[in-house]
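Got some structures for you, see below.
Shared chain: chain A. Partners: chain B in the first complex, chain C in the second.
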Partner chain A sequence: MKTPSIIGQSIPRLDGPAKVTGRALYTNDLSLPGMLYGKLLRSPLAHAKITRIDVSRAKALPGVKDVITGADIPQVKYGNWRLVPQSQDEMALAVDKVRFVGDEVAAVCAIDADTAQRALELIEVEYEELPVILSVEEATAEGAALVHDESEGNVSLVRKIDYGDLEAMFAKADYIREDTFKVHPVQHAYMEPCSCLAASEEGDRVSLWTSTQTPYIVQCLLASTLGLPENNVRVMKVQVGGGFGGKMELRPWEFCASFMSLRTGRPVKFTLTRADELAFGRRRHAMSIYSKVGFSKDGKLLAKDFQVMLDGGAYNAMGPTATFLCGTFGNMLYNYPAYRYFGRHVYTNKPPASAMRGFGAPQAAFAAETQMNMVAEELGIDPIDLRLMNAMQTGDVIPDVATISSCGFKESLEKVRQISGWDEKRGNPKPGKGLGIGCFSFISGGVFNWFNTKYNFSAAEVKVFEDGTAQLATMACDIGQGPDTVLRQILAAELGIPIDKIRLISMDTATTPKADLGTWGSRVTLMNGNAIIEAAGKIKDMLRPVLFSELDLNQIHDVAFEDERVFVRANPKKGMGFAECVYKALRGREGEPLTARGYYTPRNKGLVSPAFSFGAQVAEVEVDTGTGLIRVEKMYTAHDCGVPINKMSVEGQLEGAIQMGLGYALMENLIMDDKGRTLNTTFLDYKMPTAEDMPPGESADVITYEPEGPYGAKEAGEGLAIPTAPAITHAVHQATGYRCMETPITPEKVLRALGKIK
Partner chain B sequence: MALPNFQVHQPKTVEEVLDLLGRHRSSVKLLCGGTDLLIKMRSGAQAPEHLVSLNRVAGLKTISYAAGDGLVIGGAARISQVGKNPDVQRLYPGLAHACSVMATVQIRNMGTVAGNLVNAAPSADTAAPLLAYGASLVAVERGGRRQIKLTDFFTGPGLTVLEPGEMVEAIRVPDPPPRTGSCYLRLSARSKVDIAAVGVAGFINLDLSGKVIRCRLALGSVAPTPVRCPEAEAMLEGQDPGPELIARAAAACVRTSRPIDDLRATASYRRAMVQELAQRVLTQSLAMARGGGS
Partner chain C sequence: MAKQNIELIVNGDRYQLTVEPSRMLVDVLREDLGLTGTKIGCAQGDCGACTVLMDGVSVSSCLTLAVEAHQRDITTIEGLAASPQDLHPLQEAFVQHGAVQCGYCSPGMILSAKHLLDHNPKPSEEEIRQGLSGNLCRCTGYNKIVEAIGDAAEKMAASGKEG
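Up next is the complex of A and B:
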């Protein structure tokens, strides 16, 4: 069957005009009559016992409607890993002790924001300071103070992977190297700071509008922490201004807004500031990484020993998943006859790290790809050739993980070599200039059910109407990455109707079909796309008989749905309009609408993901060796995201990924003092690259057909965020001789390496 | 936090400004672009009850240049206006550069040079070039006018010699003689929208034989205030500097600097950058002066 023409089209975002003209609504734009304003009191200390809290003066302040502390709320811990209850280590408000600067201690709501702020200042808290732990090394040292008393030596979770005969393979290796790397924390820096609005209803029910990427998870965990049936909680969203992994858990303000709304009977809103986000928000894990690799002298990869400590901060958050995935990404790109991974998720007294675009992969790949480049140099093999020799291919098996069902990695390497002028430029280095490479692979959604849902991972409900239009209802979450457009494109392709004839009902846990695990792990296009195709298939099953009976067709005929028509594929003249077909199908259904549901849950797809993307990226840099300043002149990317459903959307992901990768490699960093206080809490000092820092780019799509994906598609969201930092690191090395083993690359580090600063 | 209550006054003349300053003496601030002041008010660091806006005062935004007399920048002239002024671009390229790369487009359209100086941040971008050009400020108060050399103006981070009842009416910059070269270079981690981690400005005037008659060097972000570099200036005057002398003069600039470690850079990086940028500034300024001057 030929692919419908709408697949692959660069359809601009349907939500774009409203967003660029300022008409789009975000959570903080909402308000309800009688609404109260909530604020959080946070801990000024990184680690301390709470010895006394007195809220009486705050409560007495006129205009204050409620004040709550950890003692007032149900003593139920939460966390996304419901499958492993002991991993659930968080409470909305601190009980007995605080574990990071910013840990939520109390919440107030009042008739206006200023009154709420004054009330916070009237809450008296006495603390007894405890030793502060700010690194994984300190946390795992003998006799270290415990962030959580239940943990063993501050390690909250261990993940091991072990296959092949590691010792034998290292014994066989002609060349072995061991390196240690350190990667630093960065933040999602989504445009929209977190915000939520809760409104209690009759019968202990609550509706919550929130800036989230996982409404279903918020619904379930909010219900359990409030002590209410799941069905009493309804979670909705309006537009969400980015998430990147930072909005995929239940958060204290969501709980406090709901809890206080139930108590006061009035709507309650919380909105964070940018300073809150930078100082206390989720972030990408800092890691300490040890990697040992063994190669034959002709460049064949034999074994890898990969040991990682993740700096998890004060709570698990999504750290357990990052710990798992870090191990999986440590060996994803190449064939390793033997591989061992030992990952430890470590508690420290810092704001919790969690999921962030790439989810363990940017860190693992920074180490793995940088090491690959070091090996290439030492063995005297071109870095691209070395990769080609060991690259994954379609049909390869990652033991215990997956069989790769489509893989355009080698093609990506060849392509990026060509478009970047690699052989020419790399072979003729100019002073201060360099070319470097980094590669990636990523999952298209996760298989592992850590949330322990009883529902399908994705679901869609399709309705068609006699006016020729359709309605798609899905819990899938557009947080700016584009599924509101792409999913409608898939349905339009299936039903053969224009995209603007599809109304979308998105993301309301009470009215859209259960469930959707949310926007993370680059899962939405593949998983929700498949659910939509199944639902549309059922609709077509209901429509097809109309054509057969109206036209008295022989049962061997195939029926097509294209151009708003339903017709005999072999003889397109025989057919009728889509609207007419729906109209006729509705006759004889005794008023029952044409509705169908489709679902997707990956089954028998190994342990990690049903499909994997691949790609290679080359960075071209120029370094001013007098000042150490690095200018990325151009980025070249060749990548395999299967069949792109919307090319413009894929390009947008690529550009955004380069911007984030650039910041990760060169500028962004959360700087903390020795008391665990974050010092750079504005965008002036948390340095994200601006539009003017963006290098021009050139890219090539390597098209593979992924059998498990809708129309052959797989992920294009997170994988691209991985290769930029190692590619820049490699290029800076060629330009200056400085090899970054501890991110970020700063002008000062370059100059130290050049001996210009002692 | 919302802003505290305050009252905004929109006088039309300098006399009215001075009256208002006197009348509300106990709690009043001048307001130009507000790009420093409003941030401080929002954070609670300042809470004046009265703001006297200079934005509608007649003539205060004027930028004028006259050969021989030099440049006069009005006390409410916007940074972007200064950066785009053809005379400034032609004769004061260091100042023009500062005014076209600092902050952001929006901030440059609102912020003023006077506000930048009175705010007295060690990193104030217009300060180093104006020091290098030998600028002074015209300050007025109800009692009269005085001229303050910019070298005497800054007393510490956020501190100046300006009296509470005084306002900066204008900034005067002398006319650069022929065979003058000048420039300003600044470094920051991000290409744009960033505070300078180090800034160096230079001004060199040569005699007919190519010897330095007058040299001024100024540094930003490497001391509690923007500073001049008298030691380096003295080393260069009377000389026909080559690369070796330039390097030694730059080293003297490093000795003048008193950088600290902070979020934006370490002291040792800043020192190395004073050396590097001072060399570049001197080399560029000399080349410009030798070519006949700006």
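Up next is the complex of A and C:
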């Protein structure tokens, strides 16, 4: 069957007009009559016992409607990894002790924001300071103070992967190298600061609008922490101004707004400031990485020993998943006869690290790809040739992890070599200029059910009406990446109706089918797309009989749904309008609407993901050896994202990923003093690339057909956040001889390496 | 300090307001006038999400006191198009070029672009990038925004229309 023409088209986002006219609503744009304004009191210390809290003066302030501390709330810990209850280590408000600067200690709500702020200043808290742990090395040292008393030496989770005979393979190797790398923390820096609005309803029920990428997760964890049935909590979202992994957990303000709304009977809103976000918000894990690799002299990869400590900060958050994926992506891309991973998620007294675009993979790939380039130089093999020699292909098996069902990695390498002019430019090196490569693979959604959901991972409900329109209801979340359009493209393709005839109901846990686990791990297109295809298939099953009986068709005929018609594929003239077909089907159903649900849960797809994307990126840089400034002149990318459903949307993901990768490599960094206080809490000091910093790009899509994906699609855009930093690192090395082993690459480090400064 | 009476002319409509002298224009636009298209990304003048035009000049409304805007002509994103049914050529180009993802920076980006084109109707790519350097975007990587503005500039020049 040919692919419907709407698949692969660059359809502009359907919410575009609302967003460019200011009509699109985000959470902080909402308000309700009688709404109270909430604010959080945070710890000024990184690690301390709370010896006394007195909220009486705050409570007495006129206009203050509620003040709560850890003692007032149900003593229920939460965390996304429900499958491992002991990993759930967080409370919305601190009880007994604080574990990072910014740990939430109390919450207030008042008739206006100024009164709430004054109330915070009237809360008296006394602390007894404890030793502060600010690095994984300190945390795991003998006798270190414990961030959580229950942990063993501050290690909250260990992940091991071990296959092949590591010792034997290293013994066989002609060439072995060991390196250590350090990667720094960066932040999502979504443009919309977090906000939520809770409104209590009759019978201990609460509705929460929140800037989230996982409404279902927020619903479940909010219910358990409030001590209410899941069904008493309704989570909705309006437009979300970016997430990138930073909005995928229950957050203290969501709990406090809901809890205080239930107590006061009034709506309560919290909105964070940018300083809150930068100083206390989730971030990408800093890591300390040791990697040992063994190769044969002709460049065959034999063994790898990969040991990682993740700086998790004060709570687990999504750290366990990052610990798993760091291990998975420490060895993706290439075939290894033997691989050992030892990953430890370590508590420190810093703001918790969590999921961020790539989820452990950018760090793993920075080390793995940089080391690959070092090996290539030592062995005198071109870095692309070395990769081609070892590259994964379709059908390859990663023991205990996955079978690769589609893989365009080799094609990506060849393509990027061609479009970047790799051979020619490397043959004619110019002073101060360099070309570098980094590669990636990423998941298309996760298989491992850490949230321990009883429902399917993804669900969709489709209704069709006698006017020829349809309605799609799904919990899938558009946080800017585009599924509100892409998912409707898939449904339009299935039903053969125009995309503007599909109304979308999304992200309301009370009215959309259970469940969708949300937007993370590049899961939405593949998983929700498959659920939609199943639901649409059931609708078509209801409509097809109309055609057979109306036209007296032989049952061998195939029926097509295209161009708003339902017709005999072998004889397109025989058929009827889609609307007419729905109308006639309804007549035969005694008033029962045409509604169907579809589901998707990956089964028998290994441990990690049902499908993997692949790609390669080349950075071309110029380094000013006088100032150490690095200018990325051009980025070349070739990537395999299966069949793109919306080409423009894929391009947008690619270009956005380069912005983030560039910032990660060269300028973004959260800087902390020796007391655990973040020093750069504004966008003036936390530097992100602006329009002037962005290099032009050239890209090539390597089209593969992913059998598990809707219309052959798989992950696009998250994985692209992975290769940029190692590619730039390599290019800077080619230009200057300076190899960055500890990110980010700053002018200061370049000048020091060049001997220009001490 | 005592509240002050001010008059704002926003998108052509006159509003008589009584405000605390410390209140910022962005808060008055959003809270008092319900014009929530103007966004707050940092409230520190760093990100550009709150950009509006005041007497035709782009300003950060989070750094502008409401009292400073007394009797000034303010254009917010809601007032850019000729009518609620239309899109301004810049808005149209942003949609068509995929220059919008999460959309949170879009109102500020578009108004910065409007300021740019009003002062330089045929900007080079470099000038567009400079014109946007006070507006942060975390989704698009900027390139599609730059393309959209270049395209809108061409279309506006061709139709001889002032934006």
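Criterion: the second predicted complex is superposed on the first by the 758 of 758 C-alpha atoms of A that agree within 3 Å, B and C clash if a C-alpha of one lies under 4 Å from a C-alpha of the other, contacts with A are read in each partner's own complex, and residues count from 1 in each chain.
As a working rule, a residue touches a chain if its C-beta (ideal position, glycine included) is under 8 Å from a C-beta of that chain, and two chains touch if they have at least 3 such contacts.
Since this is a predicted model, take the numbers as computed values, not measurements.
Visitor: Figure out whether A:Q117 sits in contact with chain B (first) or chain C (second), or with both, or with neither.
Guide: first
Visitor: So, does A:G626 touch the first partner chain B, the second partner chain C, both, or neither?
Guide: first
Visitor: When the two structures are overlaid on chain A, which partner does A:E192 contact: first (chain B), second (chain C), both, or neither?
Guide: In the superposition, A:E192 contacts chain C only.
Visitor: So, A:G656: does it touch chain B (first), chain C (second), both, or neither?
Guide: Once the two structures are laid over each other on A, A:G656 reaches chain C alone.
Visitor: Contacts for A:I757 in the overlay, against chain B (first) and chain C (second): which applies, first, second, both or neither?
Guide: In the superposition, A:I757 contacts chain B only.
Visitor: Quick check on the superposed pair: does A:K19 touch chain B, chain C, both, or neither? Answer first, second, both or neither.
Guide: second
Visitor: For A:L684, is the partner it touches chain B (first), chain C (second), both, or none of the two (neither)?
Guide: In the superposed model, A:L684 contacts both chain B and chain C.
Visitor: In the overlay, work out which of chain B or chain C sits against more residues of chain A.
Guide: Between chain B and chain C, C touches the greater number of residues in chain A.
Visitor: In the superposed arrangement, does A:G697 touch chain B (first), chain C (second), both or neither?
Guide: Touch partner of A:G697: chain C, not chain B.
Visitor: According to the stated criteria, A:E748 is in contact with first (chain B), second (chain C), both, or neither; which is it?
Guide: The first partner, chain B, only.
Visitor: Which chain A residues lie in the overlap of the chain B contact set and the chain C contact set?
Guide: 684, 690, 692.
Visitor: Could you please specify the touching residues of chain C with respect to chain A in the complex?
Guide: These residues of chain C touch chain A: 30, 35-44, 46-47, 49, 76-78, 80-81, 87, 91, 94-96, 98, 100-107, 110, 128-130, 132-133, 135-146.
Visitor: Which of the residues in chain A end up touching chain B in this complex?
Guide: It comes out as residues 113-114, 117, 626-629, 666-667, 671, 679-680, 684-685, 687, 689-690, 692-693, 746-748, 751, 756-758.
Visitor: Note which residues of chain A are touching chain C in the complex, please.
Guide: Counting only chain A, the residues touching chain C are 10, 12-13, 15-26, 28-29, 188-193, 239-242, 244, 273-274, 479-482, 648-649, 651-652, 654-660, 682-684, 688, 690-692, 694, 696-697.
Visitor: What does chain B use to touch chain A in their complex?
Guide: Against chain A, the touching part of chain B is residues 1-2, 187, 189-195, 263-266, 268-269, 272-273, 276-277, 280.
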